[in-house]
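Look at the two complexes coming up: chain A is in both, with chain B in one and chain C in the other.
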Partner chain A sequence: MIVEKSETLPVRVSEDVVRVRQLVRVHAVKAGFSLVDQTKIVTAASEIARNTIDYGGGGEARIESVTLGIRKGVRLTFSDKGPGIEDIERALRDGYTTGGGLGLGLSGAKRLSNEFDIQSAPGQGTTVSLARWK
Partner chain B sequence: MAAPTPSMLPQLLDKHQAQLMKDWLAGQRAAGVVVDVESDERVRRFIAALRQGASSNADDVKNADWAAARDVLEQISRERALKGSTPVETVMFVFSLKDPLFALLRRECGSDADRLAREIANAMHLLDQLGLYTVEVFQKSREEVIGRQQEELLELSTPVVQLWDGVIAVPLIGTLDSARTQVVMESLLEEIVRTGAEIAIIDITGVPTVDTLVAQHLLKTVSAARLMGADCIISGIRPQIAQTIVHLGVELDVISKATMADAFAVALRRTGRMVVSRAGNGKGASKAENGDKAAGKTGAGQSGE
Partner chain C sequence: MDQIPILKIGDCLLVSIQVDMHDRLALQLQDDLTNKIVTSRARGVMIDISALEIVDSFIGRMLNNIAAMSKVLDAVTVVVGMRPAVAITLVELGLALTGVRTALNVDKGLELIRHLIDDEQDPDDRREE
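Presenting the complex of A and B:
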């Protein structure tokens, strides 16, 4: 996989979520995503960015345009130095929330992505990466 | 930094007021300060206020003796902040006084270099403080302006309109953060109570991203409306948004329509009304009747953020 372009944004306040969405949209459009695919990855980005703020205490987002052979894609990596996730499987369960949400952000983002990965341990912070291909 | 001997500033300002006014206004023009019909009066007032402050020997401009000078500066700073001037432009009102004032001091002190150094240091100290104060007020006014604009935007972007007896609608536009949703929810509920509406249409054509947070806000609004006795219809869910919501796993347990027109048709039917074409216009049947089935057009493809 080749990284064509990589940009990093802070994810600390709710306005940052809007900025992340906008930049993800730009990358998705450049990769030639359909409107549906754009919307999917932008929405996934919105979910994970908000979790980074709400549960991770803020962090940053790396947004990358990538290619694999002739396929174009967008890869996102959100990292924070927050409390981490104790039980990743449980956090990925539909409806599981510790913050009074719908508990659909993580699982929904996973369904909206082609690749999805969570690295997290208590006290170690959380890194969520996901990618969507054209 | 109190001057050991009283400053000559007050007498100087008295004696050379006219000359100073003229030179200062020229200096303001040169520095790019807006000089208008009010400038004469303002310059006069500021020199008088400066005289008052300087004769008090208080060398801190936050002191009560400097209240009149601060008044003038506050007024200017507010005005400029409202007009969208830059802080530099604004503070140049004060700083452009330095050159003409120092020139006067130089002339007045003659060969007394010690005196001149002291007088200039004193005047510089005062004008710098007054300049800083100007920037401070300017900054605060800017923030007030921005805060007010944000509030206005919040209200502006959430107009609840009455479409018909018993039918109201709110077209949502832009990013639905928590603050805005709160405002939407409140004004919608108020309108339901005020108009006794049975049906509230929430149109999200202009909402670029519907994630779980937005969905949750919508669901809360719908439940609250229900408690007030009104049913909600959500309209303007574009196809890409619909697909995304499904993948997210969100169930919007509420009637939804592709367009506001479709939603309105349903609302009319539900409240026992019908839209009929006038005789001679071809079709007699109402559009409202098959509103439920209408796939409808799906708004503008995409709304940016």
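Presenting the complex of A and C:
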């Protein structure tokens, strides 16, 4: 996988989530995504960025335009130094929430992505990466 | 812009969301609408989301909340103009907008609101759904 362009944004306040959505959109348009595919990755980004603030205490988002052979894609990496996730499998379950949400953010973002990965442990912070291909 | 305007037309409130809302703005809109339903004694609320490029779980929850709140306050809420790409994405996200009535556009939305209000005012006329 070749990284054509990489940009990093802070994810600390709710306005940052809007900025992340907008920059992800720019990358998705450049990669030639259809409107539906743009909408999917922007929505996934919004969910994970909000988690970074709400549960991770803030962090950052890396937004990358990538190519694999002739395929173009967008890869997103959200990282925080918050409390981490004790049971990742449980956090990924539809409806599981510790914050009074709908518990759809992680599971939904996973469904909206082609690749999805969570690295997290208690006290170690959380890194969520996802990618979608054209 | 840091407030979403709410228009009153007859006994209806109309909100057209024209900006990419951050979460605090969405919460404020939810509060403002609830207050306005009470002070204006509105019977219908129409929320136009045709300019929204995404609806994520937070905005979805806001729409659900507004619909539930308006119900308690004896008003009906109709969401209009959801883009097809947004609807497709919502389904995959797993968000069911249960309790939120939707219509294709503002015209159809007004029609639906009238219909729902009239149904309530004339119990004999009410059909089982």
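We adopt the following convention: the second predicted complex is superposed on the first by the 134 of 134 C-alpha atoms of A that agree within 3 Å, B and C clash if a C-alpha of one lies under 4 Å from a C-alpha of the other, contacts with A are read in each partner's own complex, and residues count from 1 in each chain.
Everything below uses one rule, namely that a residue touches a chain if its C-beta (ideal position, glycine included) is under 8 Å from a C-beta of that chain, and two chains touch if they have at least 3 such contacts.
Keep in mind that what you see is a predicted model, and the values were worked out from it rather than measured.
Undergrad: Clash or fit: how do chain B and chain C relate after the overlay on chain A?
TA: clash
Undergrad: Considering only the touch criterion stated at the top, classify A:D94 as touching first (chain B), second (chain C), both, or neither.
TA: A:D94 sits against chain B and chain C alike.
Undergrad: Which partner chains sit in contact with A:G105 here, chain B, chain C, both or neither? Use first/second/both/neither.
TA: After superposing on A, A:G105 lies in contact with both chain B and chain C.
Undergrad: Mind working out whether A:Q119 is in touch with chain B, chain C, both or neither, as first, second, both or neither?
TA: Neither partner.
Undergrad: Kindly classify A:T67 by the partners it touches after superposition: chain B alone (first), chain C alone (second), both, or neither?
TA: A:T67 sits against neither chain B nor chain C.
Undergrad: Mind sorting out which residues of chain A both chain B and chain C touch, each in its own complex?
TA: 14, 18, 21-22, 25, 35-36, 38-40, 42-43, 46-47, 50, 94, 101-102, 104-105, 107-108, 111-112
Undergrad: Show which residues of chain A lie in contact with chain C when the two form their complex.
TA: 14-15, 17-18, 21-22, 25, 35-36, 38-40, 42-43, 46-47, 50, 94, 101-102, 104-105, 107-109, 111-112
Undergrad: Along chain B, where are the residues that touch chain A in the complex?
TA: For chain B paired with chain A, touching residues are 175, 177-178, 208-213, 215-216, 239-241, 243-244, 247-250, 301-302, 304-305.
Undergrad: In their shared complex, at which residues does chain A touch chain B?
TA: The touching residues are 14, 18, 21-22, 25, 35-36, 38-40, 42-43, 46-47, 50, 94, 101-102, 104-105, 107-108, 111-112.
Undergrad: Which residues of chain C touch chain A in their complex?
TA: 20-24, 53-58, 60-61, 83-86, 88-89, 92-95
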